[in-house]
Amino acid sequence: MAFKYNRLDKDDVALLMVDHQAGLLSLVRDFSPDDFKNNVLALADIAKFFDIPTILTTSFEDGPNGPMVPELKEMFPDAPYFARPGQINCWDNEEFVKAVKATGKKQLLIAGVVTDVCVAFPTLSALEEGYEVFVVTDASGTFNQTTRDAAWSRMEQAGAQLMNWFSVGCELHRDWRNDIEGFGGILANHLPHYANLIQSYTVKNG
Amino acid sequence: MAFKYNRLDKDDVALLMVDHQAGLLSLVRDFSPDDFKNNVLALADIAKFFDIPTILTTSFEDGPNGPMVPELKEMFPDAPYFARPGQINCWDNEEFVKAVKATGKKQLLIAGVVTDVCVAFPTLSALEEGYEVFVVTDASGTFNQTTRDAAWSRMEQAGAQLMNWFSVGCELHRDWRNDIEGFGGILANHLPHYANLIQSYTVKNG
Amino acid sequence: MAFKYNRLDKDDVALLMVDHQAGLLSLVRDFSPDDFKNNVLALADIAKFFDIPTILTTSFEDGPNGPMVPELKEMFPDAPYFARPGQINCWDNEEFVKAVKATGKKQLLIAGVVTDVCVAFPTLSALEEGYEVFVVTDASGTFNQTTRDAAWSRMEQAGAQLMNWFSVGCELHRDWRNDIEGFGGILANHLPHYANLIQSYTVKNG
Amino acid sequence: MAFKYNRLDKDDVALLMVDHQAGLLSLVRDFSPDDFKNNVLALADIAKFFDIPTILTTSFEDGPNGPMVPELKEMFPDAPYFARPGQINCWDNEEFVKAVKATGKKQLLIAGVVTDVCVAFPTLSALEEGYEVFVVTDASGTFNQTTRDAAWSRMEQAGAQLMNWFSVGCELHRDWRNDIEGFGGILANHLPHYANLIQSYTVKNG
Amino acid sequence: MAFKYNRLDKDDVALLMVDHQAGLLSLVRDFSPDDFKNNVLALADIAKFFDIPTILTTSFEDGPNGPMVPELKEMFPDAPYFARPGQINCWDNEEFVKAVKATGKKQLLIAGVVTDVCVAFPTLSALEEGYEVFVVTDASGTFNQTTRDAAWSRMEQAGAQLMNWFSVGCELHRDWRNDIEGFGGILANHLPHYANLIQSYTVKNG
Amino acid sequence: MAFKYNRLDKDDVALLMVDHQAGLLSLVRDFSPDDFKNNVLALADIAKFFDIPTILTTSFEDGPNGPMVPELKEMFPDAPYFARPGQINCWDNEEFVKAVKATGKKQLLIAGVVTDVCVAFPTLSALEEGYEVFVVTDASGTFNQTTRDAAWSRMEQAGAQLMNWFSVGCELHRDWRNDIEGFGGILANHLPHYANLIQSYTVKNG
Amino acid sequence: MAFKYNRLDKDDVALLMVDHQAGLLSLVRDFSPDDFKNNVLALADIAKFFDIPTILTTSFEDGPNGPMVPELKEMFPDAPYFARPGQINCWDNEEFVKAVKATGKKQLLIAGVVTDVCVAFPTLSALEEGYEVFVVTDASGTFNQTTRDAAWSRMEQAGAQLMNWFSVGCELHRDWRNDIEGFGGILANHLPHYANLIQSYTVKNG
Amino acid sequence: MAFKYNRLDKDDVALLMVDHQAGLLSLVRDFSPDDFKNNVLALADIAKFFDIPTILTTSFEDGPNGPMVPELKEMFPDAPYFARPGQINCWDNEEFVKAVKATGKKQLLIAGVVTDVCVAFPTLSALEEGYEVFVVTDASGTFNQTTRDAAWSRMEQAGAQLMNWFSVGCELHRDWRNDIEGFGGILANHLPHYANLIQSYTVKNG
């Protein structure tokens, strides 16, 4: 019953960005606001870089949950976008699921707010339908760490894999030589200490 | 051997509130007192809102463990209530189990004090009898986080799912349109920051 | 150069509630949302109980900062209320200062959001004018603990005293016999574990 | 493939106390010294109370590891005691294993210092031989929490159950009526807040 | 304006134990229950050892605050004991102050529950009357660390010195040769790791 | 001996940015990398916005300490810039001090890496020369929190005031009406949650 | 389906040290720098002591990632060393895998920087090829604890075992009598408190 | 009443190393063992480098406190060394004080174990005698952080300055050009991340 390592494959993966809305974001407290903003935008940059089909969705965006954060909308102007009229689990929205299936991918990256609902529910639904699900843990936030721990446990139990945006990027890239500048640029923008390393290196090697 | 996502179903679930007693509550130290009180009452509000059969029980309530907190008794005046004469695991009390079975439900939400005993023991017993058990982690408290971690591990290993009151409510509700006012009201009362979002929204949209 | 203990005196103190607004509250992260809401309302209850002149103010309440939290407005319907048109330090608002002076009190309790600005600035201004200032630390919130530590340091250095709502209430009350029921009721509502003690006591002593 | 809840059974369980030695104890830093001492002695009291066969062992007690803590030796004067000449895993000591087997029990409670070695190794060995192993997590200590987390993970993966001394005691006792005074006495000695509850109760009910 | 080091002097110091009551103790959450119990009893042992006049007091002990913890009453059977009928600040109780003055001491050690009220208020009162006050920080507890930090700040500002029970004992003892066995015995009972050192030493040196 | 509140005055203050170098930044561990980068750039934006004379300096920038972070050099292309040949305390560099004095300001904002050396040393030197010094605590970083606490203590003792970049901005701005858009823009860029509030507000008020 | 305890066997294990490079190390923040350096060198000492085949590899060592830390190179002058030209997962480097296979061992100890990439990827690859993988958790570092938790979860799920360097050493050594001096020397050099125990013991037994 | 910045002056300072003994070190829990060992040895290296008169002392070294750590004895073979027969405050030992005075220095660096006793007591004594005292906070350890906070408060209040070993070294060194290699070597040995910077720099600049 050997373990099979199905790596993230840039040609077989889609990204679901669920409910990163201005109101809901104010509820996130398991990351500092700066860290969380950086993580979400880093994941978006990775999706752009690898040209991964990306699907956006919001819940009740005309009410207190607020509009999707504008940076995401700007980065994915042509992505399928579903403002759900009421379904809490985005997998209960037929158009959304149709769009996911239309990508033809077998692997799903899922990130969202809040982790225990907007991420966990579609994760469990997608696992049930046979997708391989990779939860992007640091681009997903919730009320506090205790809540996060329980949500992670439920998703692990169902077979989801937990990754951070950096390991997602590295597993997709496979080899620096595929594009040193491009991938290095993403790291420089989102890992301040890596940017420092690059700068020290560059100055010295002029 | 595919994963099957059995969602919480308001028509097939019962709630067990175990040993939320005045004395025992003073032992809880893995949540702040304000947070814990809020979590327990939020779970109770959810049970009322979805009309979920609820069963209350206490252990030795005439001794140092103290009486059940009055808010719970007031909210569930007609619920089956079992003041156990001595059984530590409420599943060892025949009347209690009879009442659980009488609900005819296959899913159980369990919350209680303390997590490692009053929650873990009936959770393991119910799993053995074939129930699907969802532990409401943030309405269950214990001595410290180390104890909680071990108790969660034991219950996960046996197949219990760990959820927080908010995700329980959302999984039961499924769709905001089922009752926007009602469900929003629970969130407003128990998530202060969500109340702020609602207030800002309401004022601006008069 | 002996120390003089000027106790809080219910006949010589006023309370300033500064910028507890729906938007700004979402920035507070040095307290859990439940804890902070409880602390602010406990302080308000204390002011009502001791009939302390209370002055409310907001900053830019028509913009993103949002309206004052409704509970406070309801509790103090007749209190002087100043929606400042732009002054960040409420002490720069002449009407506000006039109202403070009109109370004729020498002691000021100050609480607000965020601690390092909306609390610290009027605290320093009031100290300069010779008021004794007592910062209510747990009804004042800010971005994180590091920011709070620096703000506390600056206010201490200037001579402000740091208190929590519970010690404010106790120092004003002086003697339980002045009103056991009334004061005990505030504690029961805002200290869940004290409520448990009362309940255990009451049940046993019928 | 149903879950089977094999409860701790006082007639089918033995306790292994591994390397609670004066020198090694100074390495424990995932509990405060007071907490850890209390936990170890509480577990010992429970073993005495339920008359559970207990086996003591030390590693290299004439060297820097130091002698077994005297309280344990005094509490179990007649227990099998093995001062191992060099084996790190006590299961590598034939006499020790012979003594375990001589108890005829199928369940083992294991506690020791340090968790990742003196507890983890015999836990894995005993699991391999078919014992049900219950690690008493709070009577086992190690260098820091990161080390503990990894050790817990390894033991869970192999099938060990993680419990704390309090839940061990409660699962063995089953029903308060079996001996209210006796069991309550252990709690009063090792749970200061429970002692307070008892005292308040007793005074009031004289 | 040179600094003058007035050491704690066993012939010129009295100890005030304020409101260590069964109910109030359940509110203490800035120490683990085991640590706090150990600290309070260690301080009591030190007072006994150095024969320091000790005064006990409680607040409303017939109500929910509960009776003084029995260990303290047993250790100081002949100490002045004041069950205050209602005064929150024990310095407002004339008999209590009379007893303090009757000791004829100029230095006061103060410990109590909760730090921000039962310790801070008499500390400020005693400082005003010219006493040197040493707050025993780890035998004084309160709701959480934020509250403690503010309370410490207020007392420091007024001139109180913050000490822990161990440094109190050492400053009183001055020289091990005054009584090695006696003082070592207190450390062995209340510092588990020091007990381990003693045990390793003793075993090896017969 | 009244307290005098000398507010930060945009016409009487200069900013010193000390040793924010690529190598040294990798030593900072009392802030997350994202938080720290954001704080430093926010402070720089504030200096630009209020047109505050800014002086940059580095220590040994050709060696392992590395070059100044490029964002700062780009933002202040015409600012006096001193690459110190060896002086650890930048106040020991005559050109640097000359430049500070040439600003003619009496208030200094100081931020740098590491807090205990590159910030503390010039802070103490400037205080000695009669400047009012405001340390920008969250744009200054060091090895860990223990080191920071000690460094803050030393600077407080000498009379420095501790502020965060947000309170610096607010104290300089005084009144939102001076430039709502401009000041709001800085907050939107550096306080993600404030940006969310603005976005929700804007969308709704279109 | 019994558990099989395959112990680490010094004759059947190889060690992979992955990307412990000067630049990458500055990204590690889930251990203090002193702790991490000590852990890595302790693991290296253990490999030397047991003569375990060790393979070193680096990623892009001519760029910002920097050279391998010199201590490792010096300790393993003859070990296979692979400066990978671009592959992120070292298992994608054919020479590296060839060298691993050439050892003929079935067990692999893997440590590296960062945990979620340089450790997790080859761990999953090696598990897929049927190796038993033991991750040395405290000689592997990453950005923060949240990232580590997710990485550990992914590796556990795939069947890797999590160990710390100390338990690795103990499981390999089996019995102190195999070489008391040698093994004790490693502990003395890398566990300061164990060194203290040895010193106290030695002095007294001179 | 201007502030006077009396910098540490290598020609006017002595170092007191108090009670860094094998037994006492096992009590230190406000630093990790690796961090603390590193800090103490770094301070010793600094004293050697600047040729600062150093005085060593121990308390009761034949008993459980244990011998001074051997590294210190080896580094300062000719330093005055006082094995105190019983005095807890080393300032109560006449020979010790005579040796301090014989140095003719006005500034004292003090480090020791435990902070609240072995450091705080001589600090207060030396301040009383007019010395400028600089407590080396990270080469001084104690039971836990709460104890440390109180001890720091007491010493600050008396006028001591709190520094870490790194800032001590930098304030003594003043200018890198005084000895780049020598001072850099100390940093490389005791700041692992600084060593990484040096290594990356050196490799690149050959």
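Here the chain labels run A, B, C, D, E, F, G and H in written order, and each chain numbers its own residues starting at 1.
Everything that follows uses one rule, which is that contacts are C-beta pairs under 8 Å (C-beta built on N, C-alpha and C of every residue); 3 or more make two chains touch, one makes a residue touch a chain.
Computed from a predicted model, the values in this text were never measured in an experiment.
Student: From subunit E, count the fewest steps through touching chains until subunit H is reached.
Tutor: Contact-graph shortest path, subunit E to subunit H, evaluates to 1.
Student: Check A-C, G-H or A-B against E-H and flag the pair whose interface repeats it, over half of the contact pairs matching by residue number.
Tutor: A-B
Student: Sort out for me whether F-H or A-C is joined by the greater number of C-beta contact pairs.
Tutor: Pair with more contacting C-beta pairs, A-C versus F-H: F-H.
Student: Between subunit B and subunit H, what distance separates the C-alpha centroids? Give it in angstrom.
Tutor: Centre separation, subunit B to subunit H: 54 Å.
Student: With chain centres defined as C-alpha means, what is the inter-centre distance between subunit A and subunit G in Å?
Tutor: Here the centre of subunit G sits 31 Å away from the centre of subunit A.
Student: Taking each chain's centre as its mean C-alpha position, how far apart are subunit E and subunit G in Å?
Tutor: The computed centroid separation for subunit E versus subunit G comes out at 49 Å.
Student: I need the residues of subunit D touching at least two other chains; which ones are they?
Tutor: Residues 23, 26, 32, 66, 191, 193, 196-197, 200-201.
Student: Going by the contact rule at the top, pick out the subunit G residues touching subunit D in the complex.
Tutor: 2-5, 30-31, 137-138, 152, 156, 161-164, 166-167, 170-171, 173-178, 180, 191, 193-194, 196-198, 200-201
Student: Once bound in the complex, which stretches of subunit B touch subunit E?
Tutor: On the subunit B side, the touching residues are 26, 29, 32, 144.
Student: Could you please specify the touching residues of subunit B with respect to subunit D in the complex?
Tutor: So the residues of subunit B in touch with subunit D come to 23, 26-27, 59-60, 63-66, 85-89, 92, 114, 116-117, 120-121, 124-125, 127-128, 130, 143, 146-147, 149-151, 153-154, 157-159.
Student: What residues on subunit C touch subunit B, complex-wise?
Tutor: 22-23, 25-26, 32-38, 66-67, 69-70, 191-193, 196-197, 199-200, 203
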